[in-house]
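Beneath this line is the structure, given in structure tokens, with notes to follow.
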Amino acid sequence: MSETAVTTPVSVSKGRSLWSDAVKRLLAGRAAVISAIVILIYVLVTLFIYAAEFGSSRFGWGIPLTNYNEKVGSEYEPPSWKHPFGTDYKGRSVLRKTFYGARTSITVAFLASLISIAIGVPVGAMAGYFRGFVDEIVVWLYTTLSSIPYILLILAFALVLKDRSISLPWPGAPTFRLAGIASVYLAMGLTSWVGLCRLIRGETIKHRDREYILAARSYGCGRARIIFKHLLPNVFHLVIINFSLQFVGFIQAEVILSFLGLGEKDKPSWGAMIDDARLTLTRGFWWEMAAATLAIFVISLALNVFGDRLRDALDPKLRTE
Amino acid sequence: MTVYIVRRLLYTIPIVFGVLLITFLLFNVVGGDVAGLIAGKNASPELQAEIRHEYGLDKPLIWGWDSQFVDHFKNAITFNFGKSWHDREPIIDKIKRGAGPSLSLTVPMFIGEILIAISLALIVAYLRGTWIDTVTVLLCVGGLSLPFLSFILAGQYFLAYKLGWFPVFFWPNLSTPQYVALPVLIGIVAGLGSGVRFYRTVMLDEMRNDYVRTAFAKGLAARKVLFKHVLKNAMIPIITQTVLTIPFLFLGSLLLERFFGIPGLGYLMVEAIGSRDFQVINAMTYIGALLFVVFNLITDICYALVDPRISLE
Amino acid sequence: MTAATNDIILSVRGLATHFRTHGGTVRAVQGVSFDIRRGRTFALVGESGCGKSVTALSIMRLIPTPPGTIAAGRIELHGRDLLKVNDAQMRSVRGNEIAMIFQEPMTSLNPVFTIGDQIVEAIMLHQKKSRRHAWVEAEKLLARVGIPDPGQRVREYPHQMSGGMRQRVMIAMAISCKPSLLIADEPTTALDVTTQAQILDLLDDLQQVEGMSILLITHDLGVVAERADDVAVMYASKIAETGATEALLAQPLHPYTQGLLRSLPRMGVAADRLAVIPGSVPDPREFPSGCKFHPRCPIGCDDPRCSSLEPELRQVSEGRQVSCWYSPGFETPEESQDFDRRYGRDKRKSPSA
Amino acid sequence: MNGGPYCSGTGSSMRLFCRCLLLAVLLAGIIGPGGCKRTSPSRSEENVLYGAMGAKIRALDPGDISDTVSSSVAAQIFECLYEYHYLNRPYELQPMLAESMPEISADGLTYTIKIRKGVQFADDECFPEGRGRALTAHDFIYAWKRIANIKYVSGNWWIFEGRIVGLDDWRKYTDTCDSAADVDYSRPVEGLQTPDDHTLVIRLSKPWPQMIYLLAHLPTAAVAKEAVDYYGDRIINHPVGTGPFTLKTWNRGSYIELVRNPNYREDFYPSEGEPGDRAKGLLDDAGRRLPLVDRIVSVVVEEDPPRWFLFMSGKIDISGIPKDNFSEAISGRGVLDERMKNLNIRLTTFRDPSTYWIAFNMEDPVLGKNKPLRQALSCAVNREKFIDMFTNGRGELASGFMPPIMKTYDPNISKIPGTAYNQARARELVAEAEKIHGGRLPRLVLAIPGTDTVARQEGGMMKEWFQTVGLDVDIDYMDWPIYQSKMKTKSLQMFMSGWVADYPDGENFLQLFYSRNMSPGPNNFNYSNPEFDKLYEQLAIMSESPERDELYRKAERIAVEDCPAIFIMHGVAYVLQHDWVHNYKPGIFNYGTAKFRRIDAEKRTSYQQLLRTQK
């Protein structure tokens, strides 16, 4: 029985790593793409405002959008073509305040998430990997922290950090005064790493005895390499999902802090806008609250949808296809 | 089992110690001279000295047996929280009095939210991919991002003041259910957003498992598969999420109590921080921590009841 | 020998199941037809991803819709088309007239209910029995499937049992209502060889005693050879060839079947490397044109007709069907003249031995 | 094979079931808990006053009271020696538990006061067989000694400090005792004598004409020793007084209910008042025995919106106007809105004895020595706009610190040049100030006691006004405890504050600028001017006379000339009341006014129909 060589090249799909496969499947879905674009827009707005602010302070650009303090009309003008979002108690355009508010809220939420990841992930990973004494201490710390009501914790931290100047440990480093939102996102960050830490610890414990870790250990990997090079990438999808969902939580927390008077004081933020507006709601000036709430709704929806789709894309079970 | 419980109870001691340590550190750093506050308008120095003496503030901060640090722990363990600086009322009475109304508000809210959120989540997860699923997700995220305060203002203005279905505010001759009804309703509706979203993800993860397919292959109706097989398996993440919020129920709800005149403990904490009433804050956090640790244990025991694979070593 | 139609318990005609995904519609099963006779084991064999599990789930109408839908076809059980009955009637069929066991015994049982609960649930669902009776019945079933000390085992949880033991429980649950057809979707793939043999022996024994027919889904030709009475080879959502097992193995007509058989290690045949069918199963979203096997087919890979015109399943001899232009007796004279006219005689390949 | 969930809807019936279950659950969530239909509370028709309090009551023990809410409730239960006449303006004192006005010795140091006979404490279990005991002069001495007792930690000791002969020594004695229990109240105080049960002789260390006002101030009310001994720490929950009402139930933090005191003495509605009172119907009940209502129910409502809803739905009788509902209630300048008139709601406006300012810390290196800078700051603030924006126009422009309602108000204080709002002048002054300071002015810091929205808006406006005249001022928001402790330790540069008079005598404001009252005393400006001090010490001991009034005006001019603060406004109060509330006349200094009010119960119930037609 003669063997006929096969001539036509057969397409062999090239190996797809976890990430490229996930990203491909993620971006295939319409909803995920839209929400990614919305998130991108918010980030761009924030960067644009930072740039404009830097520009106007350095080169005197008079970009109207960032000049939130300018009186554009009489007080409490309802939304009109001239002022799409109407004006506030000082006659300033609510549209500009909402844009500027994005800068504050996105920065606060982003930096707070960053802090909580910077603490939560390594601590969780170490606790999960080393077990024993280290694990006991970490579990004690985060159980203690989570047994204190969140409102008290964040209030206390915000009060403690208010107008404190922090000098970094190494000599010569600048001491900078914690102005305005600095104390807010620091307070939020320091009180919210607990959830992520517990999650990462659980995952690390699960992955710790997996073959690929034993293998890495067998050819002499150092502990740090194992954790950061092998273990974390496999649990990192949890971090991203957690990041997108916690982001919304931070924006909400900023609203509560403003209600309690600890948020941003002179520059507009969504929290301050909602807090200002709540008093005038019964007088029928609804647009300031509507603008801020709409801004929060859109970014929250985008983050939620993106988070969900991300979870589906990164879910190991689905990858068997 | 009892060995496990005893070991866990012993384990609570370091936790409670940690909580007391943190509250002590936080508030001695936050500052604001308290004696001046109590003394009031134009307090003479010796009056302030007397106040410091009465509240033990003149003792050394940490070192030595009779220091504030040691007192802080002694008082906590013996549940003698002393008097509130603000209005001289013994704190134990204040907490006992406030716990009732707070719980009458938060417990129905807690139960209502769980029942509604879980059933909604089950149904929506089952109808995954249909328009109902997408609409519900939209509603959830909407509810999530709307500030809680606007729910209250809108609810009070329309349901109570304009339509009059509910009393606007607490009133002496109203029975508890009458004046608690509207705040509980608002609390549930406002909380549904995050509740349904979380439970939906849990249900979806659970529905991917093979035993669901076997259940259907046996000829079971979807209702039975959902509410018997899937729900019991989903209890584990549900327990984690819900049982740990129970200890904080006694804290009441900050805004609802303030806007509907329910004399609970909700605003007590914020007022105490505002007026540097450390005694009240320590008491509330200490009780909160005790409850939290106990419920942590209850959570683990619930796990063992629900999931046979988990054994309490 | 054409069997009398009355002993055909399940006949599938032109079954098509499609899945809507982001990348477009996946036609997992296209125009599949076969019959299962009473008391016989019918094997559905093919590489993974060829649509055999989807066929099984379609019979049970367990295809998850929204993504999936049963686009066309008839599935007749004792003459009744299961695709036309309503939910309630279908539920009374599942577990009662047709039962199913799955590949992953480790995860197929509900971890938080006892074995007894899950079996009793199946019994009481379809038979009017009191709970006590159902428990006794469950213990008897466990004994019937060879589980030692059933009285104790019935109260245990799935995680306290081995893979093989759990598959036996699944079988016990399946036969609890004496179904006329048992669908076994790769029942032994996840088990080690010795347990595999025991499970298959158990299935044969149940078949002899209960007279139940079995639809065995597998990719293991060895199992097909030993256990199956009839067999259908599936490739890329279609049936390549069907027939009685001995006849088919002795004289495979479809090049794909031949390739499969060639890649089996043979006792006594020295070969340093096993023969391999080049390439891999096509992506269901972009099926090749014409006959789906043509890119990998030693004969038809550069045959213009194979790459453009897809052969449908035809009866070529008693109890034998095949869908390949070059298998003997397939091509009608008109078609061969049409081929010569269109592509020229020299393009014609010689049929495999 | 697509690994999606295995079990989603295979049949249509299942989908139908899900939809109706979904609907049922949603409906239950909405309707279920709120099942009760509109409850019209069973309003007992008899005589009840319903009120709302803006904050929780802190204490009902006179010696310990310092906030207005607790005073407004305690004043219905306890009584002092003197009270302000309910209707006469300007305010004048009349005997309450005293029989007559005090006999004052020539040197103004000895006051002899006759105590009214036949006055009884309310019945209470702390008295033998629960019967209220007759009031004697000893009850006053006991009350005042209790305030002096350092162990009692009373916030009202400032009233008697250094005033009564021997009382300060008595306080030092209490300081030596190690616990409150073993303080011996029978230990005599030289300046407080009781020749007989109904005569009280007070000897002062130095003349103090304002003393009479302090004897009408609630903390100096009569307290029964038996009650304090019987209840001990729980006295704060069991007030026992001689007033028209006694405490029935007090659900702390929620509501309080007072009922008529059967033992109350014979007290009658005044039969003469201010011209125009008769026209307003304030004298309809002249001569009737007080109190005119049987019960008072007051609910704690700390947020504005619910308090406004309660008032508009007729649940509470009287209410101020929250800032955010102002335009709903008042159209134009102080005129009641049409809808309010249709609901027969009446508006009363009256002047507050208050002044609000931004104080300068005179010991601050930058501000202290730079008067043009202080004047520039003062000229930068647009007072008209501030009053309009933050109090909806409820206030009068201030150029000095003496409020217009005071007898010694100096109308031409505003003629003192250089402090009124004038941006051009402000810029000139800034240039002048920079010359004195030598170079560019540093960034100043204005502290604001409040972190909520209104505080932020006020801060924002101020910062903008200072910026327009070239002054860089940073706003520092802080909560009340930190603000107080910083003010008391002189560590605030500029801070927004004010003062509400305790009694209707200009001296109460002048003492704020007396150098010996510097922080932690009330002089938080840390202002010291030897000429002003000399004048103050002279007028402090003079009894009331036109010469003294002239000295008051001279002293105010000196202080205002130094521009120790940016004087912004004097408060004007707007109060709404329903038409079933009679005899309502605002009285700032007297709190015990519930006994004068009368309720027309039918009008209250008929209000509900009226409301339905309006809504």
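Every chain is named by a letter (A, B, C and D) in the order it is written, and numbering of its residues begins at 1.
As a working rule, a contact is a pair of C-beta atoms (placed from the backbone, for glycine too) under 8 Å apart; a residue touches a chain by one contact, two chains touch by 3 or more.
Just so it is clear, the structure is predicted and the values come from calculations on it, not from any experiment.
Student: By Cα centroids, which chain is closest to the centre of the whole protein?
Tutor: The chain sitting closest to the overall C-alpha centre is B.
Student: Check B-C against A-B and say which one is joined by more contacting C-beta pairs.
Tutor: Between the two chain pairs, A-B has more contacting C-beta pairs.
Student: Hey, which chain ends up farthest from chain C, C-alpha centres compared?
Tutor: D
Student: Taking the mean of the CA coordinates per chain, how far is chain B from chain C in Å?
Tutor: Centre-to-centre distance between chain B and chain C: 55 Å.
Student: What is the distance, in whole Å, between the centres of chain A and chain B, each centre taken as the mean of its C-alpha atoms?
Tutor: Roughly 25 Å separates the two chain centres.
Student: I'd like to verify one number: the distance from the centre of chain B to the centre of chain D, where each centre is the average of its C-alpha atoms, in whole angstrom.
Tutor: Centre-to-centre distance between chain B and chain D: 36 Å.
Student: Report the inter-centroid distance (CA atoms only) between chain A and chain C in whole Å.
Tutor: Centre-to-centre distance between chain A and chain C: 49 Å.
Student: Which chain B residues reach two or more other chains?
Tutor: Counting only residues that touch two or more other chains, chain B contributes 128-130, 153, 157, 208, 210, 213, 215-216, 221.
Student: Residues of chain A touching 2+ other chains?
Tutor: As it turns out, chain A has residues touching two or more other chains at 260, 278, 282, 317.
Student: Would you give the residues of chain D that are in contact with at least 2 other chains, written as numbers and ranges?
Tutor: 1-11, 14, 305, 479, in rising order.
Student: If you look only at chain C, which of its residues touch chain B in the complex?
Tutor: 60, 62, 66-67, 87, 91-96, 99-100, 102, 104, 107-113, 121-122, 125-126, 157, 159, 170, 173
Student: Which positions of chain D touch chain A when the two form their complex?
Tutor: Within the complex, chain D contacts chain A at residues 1-3, 304-305, 308, 323-325, 327-328, 389, 450-457, 459-461, 463-464, 475-477, 479.
Student: Hey, which residues of chain D end up touching chain B in the complex?
Tutor: 3-11, 14-15, 17-19, 21-22, 25-26, 28-30, 32-39, 41-42, 56-59, 64, 66, 150-151, 153, 155-158, 161, 175, 233, 236, 251-255, 257, 297, 299-303, 305-306, 309-310, 312-313, 315, 479-482, 484-485, 488, 517, 520-522, 615
Student: Quick one: in the complex, what on chain B touches chain A?
Tutor: Within the complex, chain B touches chain A at residues 14-15, 18-19, 22-23, 26-27, 29-30, 137-138, 140-142, 144-147, 149-150, 153, 157, 197, 201, 208, 244, 247-248, 251, 254, 269-270, 273, 281, 284-285, 288-289, 292-293, 296.
Student: Which residues of chain A touch chain B in the complex?
Tutor: My answer: residues 140-141, 143-149, 151-152, 155-157, 159-160, 248, 251-252, 255, 259-260, 274, 278, 281-282, 289, 293, 296-297, 299-301, 304-305, 308, 311, 317.
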